[in-house]
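The two complexes that follow have chain A in common; it is paired with chain B in the first and with chain C in the second.
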Partner chain A sequence: MTLVINGEAIAVPDEVKTVGDLLAHFRLENKLCIVEVNVRIIQKHEYETTALCDGDRVEIVHFVGGG
Partner chain B sequence: MLKIGPYEFSSRLLLGTGKYPSLDVQKEAVEASGAEILTFAVRRMNIFSPEQPNFLEQLDLSKYKLLPNTAGAKTAEEAVRIARLAKASGLCDMIKVEVIGCDKTLLPDPIETLKAAEMLLEEGFIVLPYTSDDVVLAKRLEELGCHAIMPGASPIGSGQGIINPLHLSFIIEQANVPVIVDAGIGGPADAALAMELGADGVLLNTAVSGAADPVKMAKAMKLAVEAGRLGYEAGRIPKKRYASASSPTEGMSVV
Partner chain C sequence: MNERYSRQQLFAPIGEEGQKKIRGKHVVLVGAGALGTGNAEALVRSGIGKLTIIDRDYVEWSNLQRQQLYSEADAKERLPKAIAAKRRLEQINSEVEIEAIVGDAGPEELETIALKQRPDLWIDATDNFDTRLVINDVAYKYNIPWIYGACVGSYGLSCAFIPNRTPCLYCLLETVPQGGLTCDTAGIISPSVQMVISYQMAEALKILVEDWSALRGKLVSFDLWTNEYAAIRIDGVKKDGCPTCGRHPSYPFLSYEQRTKTAVLCGRDSVQIRPPALRQYDLNELAELFRRQGLQAEANPYLVSVSLGDKRLVVFRDGRALVHGTKDVQEAKAIYYRYLG
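Our next item is the complex of A and B:
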């Protein structure tokens, strides 16, 4: 399936079914990040239960240096 | 002690974490500053390079409170979205509301700032809005329930220091919540002046990260904030038009 991740269309393998799978696929499972799917923030305890569908708009953000 | 909402801090210097020459310099500068509150921005992650070092991940989070900002927002709605994302990290409940209304000066949009503050207060955030040095706006933000007011000294990153000490002192004198002078600080004298005016704290970033020696400047800012605060508490002498001798005029021997 193809997801729009951080504004970019990216094809992911069929094994990626949930937000948890997606983070593992990109090796981000231990990173400090926050995920939004179709403008809804996904809390950490929802990662494994939030299913992803073709065309979903996913934002993966984190804290960077700023003033 | 600096009290913001339910939190208490012994340091009155808040430090930004942007634009340091390296992670090592940044770590050392943060340490040297003695700051207990650090600001961050929320941005998209580069998902293709997970090994990229991130400053926050190297920080002992038991020693610092995070103050994420809503930088990048131009409307109240955008600021609220960024604030919610920051809070979903589970690492913080304080938010620096920053809604920019002018790209050239980076001055805040007062109307959107007010709207964002109201929405975020309703959601239970500890809200610290970055605002212009307008006493009426500061009062309105305080009336909404903001936990601190953060007027700018001069435009962000400009290093121009305090260009309107009169307006800042109006805000400081009338506020019943902490006033933190944010943005525009250039050197230690600016930070000390802000504190001498009676500010409860100073937030700066570029003045340290852009200095030739950020670690040394971080220490200088720590001392300046402490000196300015002590001076404020001590109560400076009023300015007089003419001299008044420090040495006694009585008992002078005649040569």
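Our next item is the complex of A and C:
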């Protein structure tokens, strides 16, 4: 399926079915992230149950500490 | 029209009225590293009334690549950053009052400033989340906006948090981040710094001229090397039960239990540091992170030991650390946050 991630159309493998899978795919599962799907912020406890569909608009921001 | 600010006043959303407002404002800058020096210079050039700078570190050669207020002479003298910044800023604009505080930006220090000085804005230029969560608590307790900014490598992000208007940082995080990458572990390029400063300073100007409707209301992030950009509206994440901005706030990061506890260990030339929230480190991973920077690190099942010139940093699994080779608590804390974030 193809998702629009941070504004870019990106094809992801078939195994990616949920927000949790997507974060694991990008190796972000251990980073502190904020994820938005179709303009709705997904709470952390919803990551594994939130299914992704072709064309979904996903925004991912991860936190860093430096400054 | 004061010629000095003429171009800023010509910008319609600021104008003469906005410039007067800017002149009456007091901003507190927490941290005087890369983001701190850039924000400081922009704020002082814009003609604010007063700037308070808090920083516990001193200038080193590795700062000069991106920390724009410092010179080689400052690094040679190992001048405290707050002092070196004040000297340079006074050359840039003598009309602005600059207060330099060499010390920790802990709960007591920030609450004292909030109570006694009632500043108009806090700008985050720190390198760790422990301090950011303290700023977040103080900001919401005393109803003062603050602007988060952070960067590592070619990546950066920023967000303005406004009491009574937006959720707070804790609503977004839900938890205390466990360190990870910092500028001293992953490096940093100056354009990432400048980009975050631009986001912070733009929101700062809107707040200083009280143009609330112009605020972005989004958490923004970018990567200048991979050419990515993301923005997320934050108004939906406000939580009624949030301990900082919910209905019954307890401001947990201002409480005694949450304060980073430090102790100078007698006769050992060492300082112990205990982070406010205990962490769970994978020690082998941590040792590997140090080794990738060319440092000599050894791990056993209980701790990682890293040699840093004439000092040694020892990190325990729960985040507790010993800094050997110093009795100076501020220096030990600076080392701790530099490597563990």
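The criterion applied here is as follows: the second predicted complex is superposed on the first by the 62 of 67 C-alpha atoms of A that agree within 3 Å, B and C clash if a C-alpha of one lies under 4 Å from a C-alpha of the other, contacts with A are read in each partner's own complex, and residues count from 1 in each chain.
By our rule, contacts are C-beta pairs under 8 Å (C-beta built on N, C-alpha and C of every residue); 3 or more make two chains touch, one makes a residue touch a chain.
Since the structure is predicted, the reported quantities are computational estimates derived from the model, not experimental observations.
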First (chain B), second (chain C), both or neither touched by A:Cys33: first
Chain B versus chain C as contact partner of A:Val61, first or second or both or neither: both
Touched partner set for A:Pro13, first chain B, second chain C, both or neither: neither
Contacts of A:Ile41 with chain B and chain C, given as first, second, both or neither: both
On chain A, the residue positions that both chain B and chain C contact, one per complex: 6-7, 31-32, 34, 36, 39, 41, 43-44, 59-67
Parts of chain C lying in touch with chain A, wherever the complex brings them together: 31, 33-36, 124-129, 149-152, 155-157, 172-175, 177, 179-183, 186, 188, 196, 219-221, 228-234, 236-237, 341
Chain A residues touching chain C - in the complex, by the definition given at the top: 6-8, 31-32, 34, 36, 39-41, 43-44, 59-67
In the complex with chain B, residue positions of chain A that touch it: 5-7, 26-28, 31-34, 36, 39, 41, 43-44, 59-67
Parts of chain B lying in touch with chain A, wherever the complex brings them together: 16-20, 26, 39-45, 47-48, 50, 54-57, 66, 68-69, 71, 81, 84-86, 88-91, 156-157, 183, 203-206
